[in-house]
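Next up is a structure, given as structure tokens.
Per-chain numbering from 1; labels A, B, C and D assigned in written order.
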Amino acid sequence: MSVLVDSGTKLVVSGLTGREGSFHGMNNRRYGTDLVAGVTPGKGGQDVEGVPVFDTVHEAVAETGANTSMIFVPPRFAADAILEAADAGIELVVCITEGIPVHDMLRVYTHLRRGPTRLIGPNCPGILSPGKANVGIIPAHFFSEGNVGLVSRSGTLTYQIGNELAQRGFGNSSIVGIGGDPVQGSSFIEIIDLFQADPQTELIVMCGEIGGEDEERAAEHVAEHVDKPVVAYIAGFTAPPGKTMGHAGAIISGSKGTAQAKAEALEAKGVRVGRTPTEVAEIAAEIAGATV
Amino acid sequence: MSVLVDSGTKLVVSGLTGREGSFHGMNNRRYGTDLVAGVTPGKGGQDVEGVPVFDTVHEAVAETGANTSMIFVPPRFAADAILEAADAGIELVVCITEGIPVHDMLRVYTHLRRGPTRLIGPNCPGILSPGKANVGIIPAHFFSEGNVGLVSRSGTLTYQIGNELAQRGFGNSSIVGIGGDPVQGSSFIEIIDLFQADPQTELIVMCGEIGGEDEERAAEHVAEHVDKPVVAYIAGFTAPPGKTMGHAGAIISGSKGTAQAKAEALEAKGVRVGRTPTEVAEIAAEIAGATV
Amino acid sequence: MDLLEYQGKQLFRAHGVPVPDGRPAATVEEAVEAADELGYPVVVKAQVLIGGRGKAGGIKVAGDRSEVEAHAGAILGMDIRGLTVHELYVERASEIAEEYYAAILLDRTAKKPMAMLSRMGGMDVEEIAATDPNAIVRIHVDPLLGFSDFHGRRLAFEAGIAGDVVRPVSVVLAKLYEAFAEEDAVLVEVNPLLVTADREVVALDAKVTVDGNALYRHPDTATFRDVSAEDPQERMAKERGLTFVKLDGDIGILGNGAGLVMSTLDVVAQAGGHPANFLDAGGGSKAEAIVDAVEVILSNRNVRAVLFNIFGGITRCDEVARGLVTAFGQLDVKVPFVVRLDGTNDEEGRRILAEANLPNVTVEKTMDGAAARVVELARSAEAVS
Amino acid sequence: MDLLEYQGKQLFRAHGVPVPDGRPAATVEEAVEAADELGYPVVVKAQVLIGGRGKAGGIKVAGDRSEVEAHAGAILGMDIRGLTVHELYVERASEIAEEYYAAILLDRTAKKPMAMLSRMGGMDVEEIAATDPNAIVRIHVDPLLGFSDFHGRRLAFEAGIAGDVVRPVSVVLAKLYEAFAEEDAVLVEVNPLLVTADREVVALDAKVTVDGNALYRHPDTATFRDVSAEDPQERMAKERGLTFVKLDGDIGILGNGAGLVMSTLDVVAQAGGHPANFLDAGGGSKAEAIVDAVEVILSNRNVRAVLFNIFGGITRCDEVARGLVTAFGQLDVKVPFVVRLDGTNDEEGRRILAEANLPNVTVEKTMDGAAARVVELARSAEAVS
């Protein structure tokens, strides 16, 4: 088992004919992901290395049975591409695109929450279920199948931590990059719930960073609903105070969104927090030793 | 039993300090409806014949536990008043106001459908559960408690048909006026389902009219999901072709929305259709004689 | 409220929907002036709220000034399916390469806006639907989310229009939706949506219906009402706030509530009568409204008898009775009235009528009885005349 | 992107939020001219992106021309908490009756816009929250439905503001929301929202943060960027498309991906070092970007050692190595570099560095090891200098 993507994933890539879209789409296919279609308006009927391209996601779904979409279009077209995928009945949309206007995402998020489509991202590295499927830009060759579910707001930091875990012999059920934007399609809690329900996952690692209070909420949630061990990492202890959100943002919740506040919230709920990526792997090894 | 309103109804009236609002609100109270509050912005702290008035629905709910709202504000403020009631957690909103712009109702309808609040109306006479509660402008003294559930798109026509039934000895579980606007909060199907589930209701009378295709859809629904007898009336056999909707509207469904088409659709599904209000009552008497 | 072509195009322009250059004209002189300004060839188009203008000779191409004079003169005052032409629209002629059909409308059943596109424009949408139902692509739009780019692309690709105009047609659809939403329209129809020889996409016609309940938000649109094209009796009713539709029979009908009035028409028809009108005096009808209503009904010279069918809810029967008494005092009523009063204060109402002892007024207790009686009276009057 | 007060007020005006009359001014002469146009008394306000301007002497009332001259002269060039004042805003003075606080912002946790109102304006919102948390009313707004009249009423009534201004304050809140939504803002704050002696409601200050990712939709706002107020090193980084934040230590840091760079800062700090900057070379960093990044890092004279921490995913370690070799060829590099390359093509990257044999470049395999090494090198450099 694993979460979100696996051998049942049938992938359609919006922007497959673009440079990045074709590079990573083909990369995912080489990994074994069932890449069934691409979508580029006006290029319907063409193909990319044998993968058929359609004008609309609706046509791609009708013709190929695609159930998962990866978005690789430029930021000003990305919200529309996500909505198109949801409208076409896609179950899981993974949006890699970075730099989408936050008001676009507010609309998309609010709309998708009222329907059956799940969104991961935007501005995320995607999802890797080692040995099964890779949807996104995570360099799969570092990771092997195993029992650690890894969820992260960060891209390269995920690889760093995953790599530290791999060096201690851990493999992964799935690695889910939820993205670092203010409005993400899915947050820690939802992915942690998937890992909690996934038989393959025995240990959950969450990798957070400064800003927002998703980590604090995840801490509450873990304490109440998760019985698998959870190890956390928070980046940004020495980061300068955020410039983008001003004061009014901070007071709404009483939280300052600092790494310190997040680490304390997690530890208060019994979640161990590694202070460096290396320490995360050490704690994981310790827990695995104790539980296995 | 009955549907939608009963002795558990705690009513707040938006526009209670207005002429119509106070007239009908007090009328409802005299009938026995538990009128707990009124809302008029800027008149918070006043009262209407002892009923406290609040500035916001939220305050009215917090202070009185109101669970049902009746809207009596002018059309250009009605959509906002419905949204306010839903936002304040009201379970049932009954909107009497006539002449609300249809685009306002499209937004309100779409929003409310995604939440727990049920809307009846707009442009409707409200709901009467004889002997229990009256929310709206239905003249209650014509109706007594009984086993006929009556649902109607029309106001006075409902009284006419209810009266014909009363003359043959029928009482009502509830009388629900869903309103005749193009975008109503609830349609026949939903009210028929409530009657189907209501132990007191033994016979359902639906009173439709030309336009749209709610009656046709109700016919399908009744055939599949309703085992209580249903009698229908359709007004508008001799009405001139509608002027407001043009040709493009009619072709979307293949239905012409005529009274003839509706009656045929109902009869094709085994629902008997009275050609005059009197005939409706006769059919009902016949069925009641057969089933009771 | 239906808008004339040139009014609809005015809204289109405001929302960036491309339309050919054009000017309205109420006289031959104005038409010539407009054509001179626009440059030839032009099209002279009758402005009436009815389809089939072209077949009826209401749309003509003019290559020069003398042709404009001739066509404008012929079309102004022309009768097109019962409507007299009072206004023209003079428009630059377009070279036609493709004709599509586009519309945004309110789908009552889904309770959502619906966008439609077909590559088979230039004919009635019913005709397209009959010829090839798949040729019309229909997509619902979430009214809170609005029209997204993908809606336009889907419509364009699925309708199978020419590849080079997929993008401009998608853009026009988005702008039509904007006009639909922001102008409180219930229908925005473009037939044909034209691709010109230069591959420009323009709306060659405009059929727009706006929501009368939302006119307060659109003061400019509110001035569009073309009173000259309305029936004088319907105008009179509208000015008095009554919901009135003229019919071609001889029995005047008044009721309270649209459903009851429709039902009354049906019952009268079943009794063998022919209603002369639909008149809804509304909920809570007051005495003054009744006086107005009687005046409107009697302004139709075909009326031989009148049926009042009132079931009092908010409407109080005594108020209606008082209104009728007042009306008989103010107007010279020559036709018989049948009055059925039931519901709130019905006894008081009937008492008022009995005391007033109005000539030619019969009171009936039931709707069926009242219908039978008024049909009988209308037949007698017909026999006499 | 944060806007200066006068820029925010320009957006407010465009959306109908009432603001006092005012003019920006960059010199004493312009300030006097503005004041003469506006009429006295005026307020001369420093335009800097930081709070506490008033306490720092950056806001002064001027009753006549000589006072404007004196205040403008004193404020221009003034240092307010580290920022130099380059611009003024001269505004008509208002008579204050009440001071409220109003804001619309993006609540990341709820993923919804949130509207806030308090009757205790004129002080920091943190101070209001500390004094009386209930004095701030907060309401979430559904972004698809938008701000409805009832939101404004609720805020106004629940905040307990004066009854006579409930309606105008509600209207201002609706217009602030409009500005928030249509200008792609993430924060719109008005403190104080003023009720004047004449009971007019005006925004006396404007703190607006707009979404940099949406600037393409707002070409006018995009020109607001106040480059004069920015740190020259940060400006240099921005021009080269690098995400850069200047810090006050002596170890230059480069990494790929914001999370990894933050983590690198943390690990360096834990090793006892002091980072001189945050620099995210981004995903897929190419050789040219690395040259640019090295130049930006070294433009800070405090830097004694540099750490490159790359975990290759999309970014290829060989590209980074090539970029570093090129940078060393183009620039006169005097400080030691520690380079940690891991991930995609890491072996190739390390081979390139080994072959280039750059002076003063140490390659480390782990992040922790690299951090320890760079801290040690920075200390040695400090000891030498």
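What to note about this one:
What we mean here is this: a residue touches a chain if its C-beta (ideal position, glycine included) is under 8 Å from a C-beta of that chain, and two chains touch if they have at least 3 such contacts.
Just so you know, these numbers come straight off a predicted model, no measurement behind them.
Among the remaining chains, those touching subunit A as well as subunit D are C. Interface comparison, B-C versus B-D: the pair with the greater number of contacting C-beta pairs is B-C.
Taking each chain's centre as the mean of its C-alpha atoms, subunit A lies 47 Å from subunit B. Inter-chain centre distance (subunit B to subunit C, centres taken as mean C-alpha positions): 28 Å. For this pair, subunit C with subunit D, the centres built from the Cα atoms lie 57 Å apart. Counting partner chains per residue, subunit D has residues 142, 144-145 touching two or more of them.
In subunit A, 107, 111 are the positions where the chain touches two or more neighbouring chains simultaneously.
Chain contacts in this assembly follow no simple pattern; the graph is neither a line, a ring, a star nor complete. Of all possible chain pairings, those that touch are A-C, A-D, B-C, B-D, C-D.
Across the complex, subunit D is touched by residues 144-145 of subunit C. Residues of subunit A touching subunit C in their complex: 41-42, 44, 55-59, 77, 80-81, 83-84, 87, 107, 111.
The part of subunit D that touches subunit B in the complex is made up of residues 142, 144-145, 148-150, 153-154, 157-158, 163, 166. Subunit C makes touch with subunit B in their complex at residues 2, 51, 103, 105-109, 111-114, 116, 124-126, 129, 136, 138, 142-144, 181, 184, 186-187, 189, 207, 209, 211, 213-214, 216-217, 245, 247, 255-260, 262-263, 265-270, 275, 278, 283-284, 311-315, 342-344, 366-368. Put simply, subunit A touches subunit D in their complex at residues 75-76, 98-104, 106-107, 109-111, 125, 137-139, 142, 152-160, 163, 180, 182-183, 207, 209-214, 217, 233, 235-240, 243-253, 259, 275-278.
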